[in-house]
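Listed next: structures, encoded as structure tokens.
One chain, chain A, appears in both complexes that follow, with chain B as partner in the first and chain C in the second.
Moving on to the complex of A and B:
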């Protein structure tokens, strides 16, 4: 199964909602990694370990943003499985919550 | 090359001497350019001397950002300052930075030998001289309060690596210190708010904005072993921008229930934003991130989050109590401060702390 490591494949310092705010935003992560994975339709592991932290705006835009774009929450949760050590387990729950609570635009 | 006759040589020499004398006279003549000297109060501190500190900052802004092309020398006489607090130094440094950005000036530290050692040391540690490209005054002594600061960071974009550096400096100074994810997230939310909300389109500021800029710094007070982190912007202020935030519906309802039938001042607006933001069960889409900012100190004893914005000030402590003050004058932006005991971060979940 394909693994996307946020720290190794994207940034150790994820921050911000939109690309115009700077590098490492939720929108950028979604476009570079999550949407291609959704389009491929193959199950994929998102490894959350190893970053400085996950500001809620980053996490919400990356994962909740998929639902706003039109992907169903069930499909998103089918494709992505989260892997997180004890220090990052709260972010796994947060990401899943953002997916379930996002409303399509 | 054409050879000059003796007569021509004498003429050239006479003219050169005349030019040299004219230049010398011009240099010695009073230039006629007026000099404005701004004298800050002896105590520059928002906690100890808010009104005088803010009045000086306002006078300074008005002097440096005056429209037109009038030539004048402007001096800020820091020799008069006996004490400067860290947050006041950050706001002052941000004003120096805006001055330099707008006027493209090369600033100079004048009579720095007369400055109080603590003032000079604090500004030097904060990296104010590096930020402005000014030669640091010699002979800095360790400040009396024994404060160690991270260099001031500033930007127009959100840069996670820069924010992470505000904590990394404390590794090695505090045993078992690890960068804390909650602090990183709180700083990140504050900077994102500064960039995307603090400088609204269509708002006519009293003093022009230096872009959607933020400033951030951190410090440790060795005597009390407290860590403090700061984010400052020169924007319109949270009470002004709150009505466009998506939590405003909740804020308005909270204000109506708590303060019915009165005009809501800046402190009430700040308090409402914090109360509504921190009690939400999840961060909303395009919310203010207020909950995450409060989370940094929530449940930690001797910790607080302080927000000064426009004329309002609130202090939220780790036990959930909120204290507020209303000031007569506006700070000229928003200053957010987190203060927490160093040992609160010693055994925190370890986050990645290497800059990549």
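Moving on to the complex of A and C:
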């Protein structure tokens, strides 16, 4: 199964919500890694470990943003499984909650 | 007569040594427990202090717009995210199982209140109304951490 490591494949310093805020935004992560995985439709592991912390707005935009774009929450949760060590499990809860609570545009 | 005295003396000495060893063993276990409990108390205090620090930073952040904060906006943002991450690290070291899961959920709600929404957005307006949910989530998390800390049991052979 393909694994996307946020720290190794994207940034050790995830930043805010939108690309116009600079490098490492949730929007950029979604476009570079999450949408291609959704389009491929293959189950994929998102490894949340190893970064210096996640702004909630990053996680909301990256994962909740998929639902706003039209992907169903069920499909998103079918494609992505989250891997998180003990110190990162609150971020896993955050990502899954944002997916479930997002409303399509 | 002399043999009986030697036997008695040896028995007494053995009893004394055994008593001393048992006392030392019990003292050692008590000291270990005290160190362990102090370490847990220190972690709990650090979590509570960090929650308060993040809450204060969030007060400063959300009562001003991005324009009003200027370069301080990025500093506050970094400290809030770093503080939340530190809370998560400490919770993972102190708790496990259901207690950790409960604290993780409460920590997520606190982080979402303090760092969700328009956090970091260019042109962000001030949102003082957000402070109520930040303080409420902070108090809930603090109470839960203290409550779960009280439930932790010492395992002497762990």
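One rule holds in what follows: the second predicted complex is superposed on the first by the 105 of 105 C-alpha atoms of A that agree within 3 Å, B and C clash if a C-alpha of one lies under 4 Å from a C-alpha of the other, contacts with A are read in each partner's own complex, and residues count from 1 in each chain.
Keep in mind that, in the parts below, contacts are C-beta pairs under 8 Å (C-beta built on N, C-alpha and C of every residue); 3 or more make two chains touch, one makes a residue touch a chain.
It should be emphasised that the depicted structure is a prediction, and the values quoted were computed from it without experimental measurement.
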| said: What does the overlay on chain A give for chain B and chain C, a clash or a fit? | reply: clash
| task | Using the touch definition from the top, say if A:87 reaches chain B (first), chain C (second), both or neither. | result | both
| said: Quick check on the superposed pair: does A:67 touch chain B, chain C, both, or neither? Answer first, second, both or neither. | reply: neither
| task | Have a look at where A:6 lands relative to chain B and chain C in the superposition and call it first, second, both or neither. | result | neither
| request: Name the contact category of A:17: first (chain B only), second (chain C only), both, or neither. | output: both
| said: Once chain A of both complexes is superposed, is A:102 in touch with chain B (first), chain C (second), both, or neither? | reply: first
| Dominant contact partner of chain A by residue count, chain C or chain B | B
| request: Go through the superposed model and pick first if A:56 touches only chain B, second if only chain C, both, or neither. | output: both
| message | So in the superposed three-chain picture, is A:48 touching just chain B, just chain C, both, or none of them (first/second/both/neither)? | response | neither
| field | Which superposed partner A:34 touches (first chain B, second chain C, both, neither) | value | neither
| Doubly contacted residues of chain A, that is, touched by chain B and again by chain C | 15-18, 21, 52-57, 60, 86-87, 97
| query | Once bound in the complex, which stretches of chain B touch chain A? | reply | 155, 157-161, 163-164, 179-185, 188-189, 191-192, 195-196, 282-283, 285-287, 289, 291-292, 349-354, 356
| Okay, in this complex, where on chain A does chain B touch? | 7, 11-18, 21-25, 50-58, 60, 64, 68, 86-87, 97-98, 101-103
| Tell me, which parts of chain A touch chain C in their complex? | 15-18, 20-21, 52-57, 60, 85-91, 93-94, 97
| What residues of chain C sit close enough to touch chain A in their complex? | 77, 81-82, 84-85, 88-89, 91-93, 96, 100-101, 104-105, 107-108, 111-112, 114-122
